[in-house]
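The structure follows.
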Amino acid sequence: MGRYALHRLLMAVPVLLGTTFIIYLAVYALPGDPIQALAGPNRMLSPSVEQALRERFHLDDPLIVRYGLYLQGLLTGDLGTSFSGRPVSEVIGGSWPVTFQLGVTAWLFMAVLGVLLGTVAGLRRGKAADAVVLGGTTVIMGVPFFVVAYVAQIVVGVDLGWLPVSGTEAGWPLAYILPGLVLALYSLPQVARLTRTSILDNLGADHVDTATAKGLTRRVIVLRHILRNSLIPVVSLLGVSLGYLLSGTVLIEGIFNLPGLGYQIFTAIPQHDGPVVVGVGTLLVLVFLLVNLLVDLLYGILDPRIRLGLG
Amino acid sequence: MSSLESLPGYDGSAPLLSVSDLHVRFGRAEVVNGVEYAVDGGRTLAVLGESGSGKSVTARAIMGLVRPPRGTVTAGSVRLRGVDLLTLPEEARRRLRATTIAMIFQDALSALNPVLSVGYQIAELFRAHRGLSRKEAGRRAVEVLDLVRIPAAARRARDYPHQFSGGMRQRVGIGLAIALNPQVIIADEPTTALDVTVQAQILRLLGEIQREHGTALVLITHDMGVVADVADEVAVMYAGRVVERGGAAEVYAGPAHPYTKALLGAIPRPELRGRRLAVIPGAPPDLAGPGGGCRFLPRCGYGVEACAHEPPAIEVGPGRLAACHEWKRVAAQ
Amino acid sequence: GGSGGSTPQAEKSFSVGVTTYFLSHFTPGKSVASNIDYALFTPLTSVDTKTGKAVNAVAESIESTDNVTWTIRLKPGWTFHNGEAVTAQSFADSWNATAYGPNAFTNNFMFTAIKGYADLNPAGGKPSKKELSGVEVVDPATLKVTLTKPLSLLPYVLAQTAFAPMPKAAFTDLDGFDRKPIGNGPYKIEGDGLAAGVTKVVLRRFDQYKGQPGNAVTIEAKSYQDEAAAYRDLQAGSLDVALVTGNNLTDAAARFKDRLVQVPYPAVVYLGFPLWDERFADIKVRQAFAQAVDRETIVKSLLRGFGHPATGLAGASVPGGGDPDCATCSYDPAKAKALLAEAGGWKGPLKLWTYQDPLNTVILEAVGNQLRANLDIEAVTTQAQPVDQLYPNMTAKKIDGPVLLYMGAGYPHLYALADQLFTKGSGANVTGYDSPEFASLMDKAASASQDEALGLTKQAARTALDGLPLTPLFQPVGGLAYSAKVSEVKPEFLGGVVLAAVKVG
Amino acid sequence: MTDTVNDTEMVLEVRDLVRHFPIRAGVLRRTVGVLKAVDGVSLDLRKGETLGIVGESGCGKSTLARLLTAHDRPTSGEVTVLGRSMHELRGGELRRARRHVQLIFQDPYTSLDPRMTVADTVREPYDVNPDLAPRGDRGRMVRELLDAVGLNPDHGDRYPHQLSGGQRQRVGIARALALRPEVLVCDEPVSALDVSVQAQIVNLLERLRETFSLAYVFIAHDLSVVRHLADRVAVMYLGKVVEIGTEAEVYESAAHPYTEALLSAAPVPDPALRGTRQEIVLEGEPPSPVDPPAGCSFHPRCRKAVAGCSASAPGLDPVGGGGHLVACHLADRS
Amino acid sequence: MASSTLVSASASVEPRRGLWRELLRRPAFVVSSAVALVICAMAAAPGLFAGWFGAGDPRRCDLVNSGLPPAPGHPFGFDVQGCDLYANVVYGARSSVLIALLVTAGMMVIAVVLGGLAGYFGGWADALISRVMDVFFGFPSLVGMIVILQTASAHNELTVSAVLILFGWPALARVMRGSVLAVAGSEYVAAARGVGSGTTRILLRHVLPNSFGPVAVLTGLNVGGVIASESALTFLGVGLQTPAISWGVQLNTAQQYFLSSPHLLIFPSIFLTVTVLSFVLLGDALRDAFDPRLR
């Protein structure tokens, strides 16, 4: 397993390098003037300052030179400097705890709620509960989630006053419940539906009949012989969903005023703040790859039929 | 041995397992249509019949595995020493499973949970029915694996089903069934998926267990050779009914139902080499179609007018029943 | 409500919501003149919120005979938060740092009027000097400033935080200073300042402050990504004061009633014409467009009353503003149609531009609808571009239709707006307007006394508006809503709450 | 090209056929071992002849069948069909050569495309080999084929799920017959079917053999079925042929202990004979083809094994006269 | 050897029905396709529907009515520009449905082609395609969309669709790859190869039809997500912009006015939800109808 993990990590290196280049290229290709972006709509910059900034951030150099300089810095552990003048490492250092907590919360919601709903729907197939879950998840899929976010803020945060509306001040978990929940809604329908299908598959499986014939109680059968087996495909979906989830932080962190990575990258784009976009973007990809490696390892533990490294 | 005695209807002199007039319905199809058979301790009843004739469904109905929405038992009774399982509350029935009546499934790989170790799956029985601790149950599971001749049982107990060969899996399946010494074991085609040498091992193992514990064995198969080898009695099923019952030797020697006769004729035997095998023309009936009349009629060479009425089970000899109006003619030829 | 949770009960404290933009830099040369900046720094002058006049703050006196050479004397006893005395050198150091091109301080452009600026910002190559020749430290309490041309409004200019002083300590670690400045204002920064990932800054009252001291002992400034987010926290009770904008004003008016202070911004939202586009070369076309927009309805219906239909360049809150300077700012669809017909009618599609901003797009669409309805122009489309695309496009004259823009006055005077919008070469003069008549009037105003300057500026603005490179639409109005915990919530000139004035309890 | 073949000609020759599956592991996916699924098999088959292949599960029967029909490429050795070496062919040539050897699959449930009707399935060979039948004739030819395998023309419109197992197997046979092959390789074609249906298929195969003078390679583990159909029988154990001979030679005078065990383990469908049979129950599990025992691979389970059995692997040598070959040190080679 | 308990040996078989008749027999299909049809008709010819309550022109606006609730003749009320909301919602179907269909079709084509190639050929094609999918999965797609759309000169239905396709296909392709992998290894594919079928034929006749089911269902489910994403892009300032009329734009504007004019949010949402539901049901029904086993 260790060797397998190592192998996967090695494979991640070209993917990550490719990612940095693609992002760098994309930011480079963005139309518009970064200096103008820095100055804002109502503010003017003197030509000398403009010139100084261009020099400082190598804005006039060709792409390859800039990327080369970036990689050179990367080798010495320097992630570059944001246009705001802060080192990117500091920007990331300050924001990742927020995204981490948000991601974990959302992931938990997605996993727990998704599996719960899917299980209920699967076990009560064709009954009202099933219809409610199926219908509900369909509606969730269709409603843009900034709409859900605003409505949730106003209803739960403002009108009911149950949870903080925004910000991180209340700390984990309080501050992260509402944004985490909204973020989880993004992938929740898929998780719930996959769980449901998986439960249905397993309900009819022969080994469940064996378990019944063994005289086990319904509870044991459901938990140990149906749910556990059904979760195997769900686990890999949960890994992939992390990608959507990290992507969603771009929106959610903005709406809920969370100073996380998603927000940093979101504000950095219009600023053409290449170093920040590349740094944060690559970090997000790295996290995704790592988590999916973990998920795959977990998969091997959950499903003994899949022996990693041999298959 | 367990709680059977205390249940309503218990009658020590009744047959260990008796099924009567069992009806099972899947949607529109009356898949099991009045099955009757019985078996006593220490005896082996072979249930024969072609694919789809309802052998497995009957077995599953006995075990209580036929439940809506996947089919309903519409009528009949399944009695263990007189106790009707079908009217028993679910909890009481659950307690009887594996302790008094157990089942071996056809496809051992899919019948075992792929994500739990085999030791765990056997140990579960001891934990659920005997209330043993996880550790103690694990120890007993190893004993069971030993009993079914799994080499290095203690080590293999930690392995998962896919790590076993087909024969060993089936032995694990048998281990699951015999772990709690049930009085009745229903084996649903336990060797169909295996090749002959392994089949011989398995059948021998089952025979030993049966002799040792006086267990009643219901062996479902469509292998006429296996039946000839191990069965005391046979029940031949066709389209959801038992069309012929009796001692194995007698039935083989003089089948009284045209279907049984045709079945025996279809077996390739060395002496038939170079000749065409006897076949049963046509296809099995549609169980969802309208009933009434003998269901074998369209494929039967003995059809008479009376066959438009469903033939009752007629006693054709000592302990032998056949559901055919023309049994005399069939037996004579 | 209230946010005093983290501070002891006894201490008077409140929380205020600001946008993250306000919490990006604290160095005077990079500051954005937010209310936080004003809490941390006190420049030489300040603008009286009631009269709109520049009054002395750190300065004892600011005098000039020719509006070119100014002598500034400082009040004694002012110190920075670290105890260092505020001297003429503190100002000179700060100004030199900002004016020095290679430092790339964003406020650099504000120093163009000071003599020696060109030496510090040569067109190419490294500057030969590091100090403005126009700034002389006569003695610790006296500063002599020489300008390149007369500017009677210098006291107004000096009220911006860009002209605040910096202590010696700042120059040992400019980056550190930017995050945790040592200012001379009524409040000092507590804790780490703008450390990575912080979303709030705590200000503590500076007890040695020589000006009007603040009321609250501590102020929590929480950063929000936009005003709407801050407003929701205010609604939920976890914030005491917040700026309310846009559509939330309606809700705030109903919800907070008299705890909503209306804040007229010293700004104008206008429709600029691309003078380089020949379709707009005829002034009649521009007049037709200007009169086809129903400013009253836009303000009343779309903005729910939060705005003032423009009658001139600036609203009444700006010295020199509030007069009906704009002849074509009245809604007259019939006349508009007639004017357009006179000019030969409109052919082809019309595209309206603005920069990306939720409110802007809505307003632009309304303007588009009115132009379509009132001028019978069928194909009206709108496009919102990011700021960094729109402005370069305008400079490159690639915009092919009227642009909806916002312009705020840098300091409280009509002169500021007129100068930014109409002076040739100004960064904000996006229409390409160039009028010698306007220029000479402005020059006169700059060299005249402050009282005369007002009249001359008005005259210049009227001249420019008659030429119609742009037509003002309305002066925006924002709001300050606050919890019951605080009182004395007053807007400062740029619209933020005067932090020092807020009373707790 | 088949015109020159006369009745006694070899249609299929197999020489030293080997198929090893590499077992890969680790970071670099290096091959850490080989699974010897087929390990040196030589066979031949004449026109009209039926060769039965028996052996326990996993001994390589299906792998052999796939090699014979060019569904897989051998590691070494060669398969010659009508004088042409199959694995040297590529692309279109291979496709044309394939016509002569067709495979009938074990599982009638998975070997038919669930979305194609019976007629479409049987017609497909003609559609991809347009030279075999002009477009206009195809419908008729499909009907004839269906008729030949005992299906009604109206079965043609059905989908596989609407057919019984026996009927599906017939569709598979009709599909294989469409190309008029010389050889039909039947990989356990009746194992999934029950006795009454099995008899139908066995009869059908016999009848087809007569009408089309087909040669069969008939794989099964049911000895009685093989016996019924085969002229010659090969017994496989762990990738090797351990005994081969005519039906009578193998069944009546088995010379390999494994064949003996196999024959004795097969139940006889006659209760009267119960207990009279000398059943040799093989103990232990079949060894792994990854790591077969040294010497004779059967020796660990062989009740006759002597010391020499583990030392060297016996060759496949004649016993008695004729073509009866056995790979056993202890065989009586008189 | 293995024998299934589900042997269907039924003798009487219903005649092969036409696909169309088969579809019409399913209530789920009839209802969902009727709704989808109405929505598509609305998208194609909004003029026919918009005028039902008198105010047919979505661009005839009186700012005085800005944000007013439903009134006689204006059953949905007015939008912020004072235009009839009903007419706007009807016209909004055009862009939204167009984008939904374009994206769905585009994603499906790419997913089927790439997923199919990766699953069927394996080897380096699979490795390459899978790595590319990895990057797309891991990369925050919203960030990518923002960057690309900012680069694009125009933000119309085409560019928005293109971007949604670009970041949407991997999920589908992954599913496609999985099911192709299963089908490619099946015996009936081996059998087809055995009778001499070429790769193209095998892919088109056997692999594609048999592996398409899961993709079809997922696609149906995706339609809602697409419309929602379109709206999210508008929200982020890179999607369609006013005065383009689309449900996404409407929802985005409505969200800012949620407190004072909730009806702006409610009515487009209802249309959106109905559309989404109908497409989901349609996807399911089509999958079932195309599968002869489920007829």
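Just so it is clear, A, B, C, D and E label the chains in written order, and each chain counts residues from 1 on its own.
Going forward, a contact is a pair of C-beta atoms (placed from the backbone, for glycine too) under 8 Å apart; a residue touches a chain by one contact, two chains touch by 3 or more.
Because the structure is predicted, anything quoted here is derived from the model rather than measured.
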Farthest-lying chain, centroid of Cα atoms versus that of chain B: C
Per Cα centroids, the chain farthest from chain D: C
Centroid distance [mean C-alpha coordinates] between chain D and chain B, Å: 32
Approximate Å spacing (C-alpha centroids) for the pair chain D, chain E: 49
Chain A and chain E: spacing of chain centres that average the CA atoms, whole Å: 23
Whole-Å separation of chain centres (CA-atom averages), chain A against chain C: 39
Per-residue overlap in chain C, given as positions that touch at least 2 other chains: 386
Chain D, residues touching no fewer than two other chains: 57, 164-165, 193-194
Chain E residues counted as touching two or more neighbouring chains: 1-3, 7-10, 150, 259
Touch list for chain E against partner chain C, complex: 59, 61, 63-66, 80-83, 150, 237, 241-243, 253, 256-257, 259-260
Contacting residues of chain D [partner chain B, same complex]: 56-58, 164-165, 167, 193-200, 202-203, 206-207, 221-225, 227-228, 247, 251, 261-262, 265-274, 279, 281-286
Residues of chain D defined as touching chain E within the complex: 57, 69, 71, 95-96, 98-99, 102-103, 105-107, 109-117, 124-125, 127-129, 157-159, 161-165, 172, 175-176, 178-179, 188, 191-194
Of chain A, residues touching chain B in the complex: 126, 204-207, 209-217, 220, 224-225, 228-229, 232, 302-305
In the complex, chain C residues that touch chain A: 20-21, 24-25, 101-106, 108-109, 112, 120-123, 127, 175, 178, 195-200, 222-225, 229, 232-233, 235-238, 355, 385-389, 391-392, 405-408, 420, 426-428
